[in-house]
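As written, the chain order gives the labels A, B and C, with residue 1 at the start of each chain.
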Amino acid sequence: MDTTVFIYIMDFIGTAAFAISGAIAGIRKNMDIFGVNILAVLTATGGGIIRDLIIGSTPPKAFTNPVFVLVAAITANIVFLTVFWSHKSGVKFSGKTRAIYDRIFFWCDTVGLAAFTVDGVHAGLEPSLVSNAFLIVFLGVVTGVGGGVFRDVLSLEMPVIFVKHIYACASIVGAVVTYVWYMASNSGAASLVAGFFVTVVIRYLAMHFGWNLPKISNNGKSAW
Amino acid sequence: MDTTVFIYIMDFIGTAAFAISGAIAGIRKNMDIFGVNILAVLTATGGGIIRDLIIGSTPPKAFTNPVFVLVAAITANIVFLTVFWSHKSGVKFSGKTRAIYDRIFFWCDTVGLAAFTVDGVHAGLEPSLVSNAFLIVFLGVVTGVGGGVFRDVLSLEMPVIFVKHIYACASIVGAVVTYVWYMASNSGAASLVAGFFVTVVIRYLAMHFGWNLPKISNNGKSAW
Amino acid sequence: MDTTVFIYIMDFIGTAAFAISGAIAGIRKNMDIFGVNILAVLTATGGGIIRDLIIGSTPPKAFTNPVFVLVAAITANIVFLTVFWSHKSGVKFSGKTRAIYDRIFFWCDTVGLAAFTVDGVHAGLEPSLVSNAFLIVFLGVVTGVGGGVFRDVLSLEMPVIFVKHIYACASIVGAVVTYVWYMASNSGAASLVAGFFVTVVIRYLAMHFGWNLPKISNNGKSAW
């Protein structure tokens, strides 16, 4: 199958996944249905807009192809209405519902990160754009983490990229795998899928086993 | 009259209005006169800079035409000095002064939103740029809300777009009206004025009558 | 010596200095080694990325020349490991260590501000880009303060530009000096060095003598 199709699929998956994470973040901040839509759309399109501005491809895809904004908005409304009606119809807020939202948030954030990371790497592979492996990886990472940074900064939360272990790390490894695989096999589709799964798996394993990176702690006191 | 002149007037009105809202936000955060200037300039030029980056028109207008930065800075200084001298000369801080600042902030924020929304729609109407109605509206909304998002994120406040009912909503309706009017009448000036007033009126009515959009509440508890 | 070489040196100095300030900000927020790296890289490259997006030079330098990202990352790791090992080997957290970090942060932030300010002015001097003195200075200031704004917004701190007296002010004076010197002498190198030192000296003097700009205070109460 054509690489372009796979990039489109990745964009689509990443958009929907980040839209869900943005919608959950908005609901958590008690935003109304419209605020939830806006946050979801910005989260879903943020990474791609940053990517397009960086490579000088203006207007960004999000402004030339309505499907991404539409997918994000429809997704956000489904999430909002599901949560709205389930609580309306008697589901109580509890540690259990909270854990469910946490889990959905984690998976959507991870899938969005992975999809946009490999997408960003392929945007950097465009002929005559950047010829340096290091910087193609950098573009992949910025595209991957962009949506989440938008979401967190706009909802006044510490960006997940700084506090969740192995977030940008997973993105970097995924970007490297995508790039190396593409260079070795010249198969765009396979490299996208490989990079995507590597990113997801690393992030899942890090969460599951509680992998930690070194941190400087002042005996548990946060301000120093 | 020429459409270009009307766009210029809208830019001018939006710049001054957003500068006042930025100056009030800065004064509220106890910034000094210089911080107030910077915040006002960034609020006033933010939406336009985002618009120009998106349509690939670099350097952005704010950097090629000094009048916008100048208008914003002069406005900010007038606001700062007025507040400074009025309190110096005996006006006490009270619920009443606070309500006055709130009201000025509301109107300036609303006028800025409306002016930049219609301005953004017309930037998207440029020949051969975007041909999709959906996306022209999206560009209008991003341009309209951009300055306020800059102001709120930079002063560490939850962006007004997420928490005030019918903010982005008013911008969307105003953008649609501008676009449809222009397509139907081919009159740039009339479409700008129509879209501007529709945005302002919707936002005023929403505030006045306390219109609300559905929201998911955990019995008043905010974090869940 | 060639102006290009001096611009390169300024970029290099600014990148390293902002990377240190970003690393310290990250360590203060208890980020792990990876978060510290990301924040340092974004702080160090933020001003330059904003500059390149504004003048339409895409992809930004940070994406075409790996040296800046590398310098920022290496610097961040040196800072992290130094702090990590010094506390591991018995140095206690105290008012004294805190004061040392504060002082290093101040100097690095100041040097980064100065280096990117003069760099931004020269980017605006490129033939046929902007011909207006006012706007060349504006580009210098935006480039100078951009990295610090990224750093502060991403770590949920009030941007230093709004609260530290004579921060943007020093940048403006430095930008003016750079521009005027260049116009008068046509020596790029000398104008860069002059603007750099003027910015640093003004900021140092302001800190040392506690210069203040007028501010509106509600008898010490912050919210009004």
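We take it that a residue touches a chain if its C-beta (ideal position, glycine included) is under 8 Å from a C-beta of that chain, and two chains touch if they have at least 3 such contacts.
The structure displayed is predicted, hence computed values, not measured ones.
J.: Shared numbers divided by all numbers used: is that above or below half for subunit A and subunit C, i.e. same or different?
T.: Mostly different residues.
J.: Since subunit A and subunit B share one sequence, what rotation angle in degrees maps the C-alpha trace of one onto the other, as a multiple of 5?
T.: 120
J.: So, what's the distance in Å between the C-alpha centres of subunit C and subunit A?
T.: Whole-Å distance between the two chain centres: 29.
J.: Could you pull out the residues of subunit C that touch at least 2 other chains?
T.: 53, 56, 153, 156
J.: Considering only the defined contacts, which subunit A positions touch subunit B in the complex?
T.: 26-35, 38-39, 49, 53, 56, 58-60, 62-64, 66, 69-70, 80, 83-84, 87, 93, 97-98, 153-156
J.: Sort out for me which residues of subunit C touch subunit B in the complex.
T.: Residues 53-56, 129-130, 132, 134-135, 138-139, 149, 153, 156, 158-159, 161-163, 165-166, 168-169, 212-219, 221-224.
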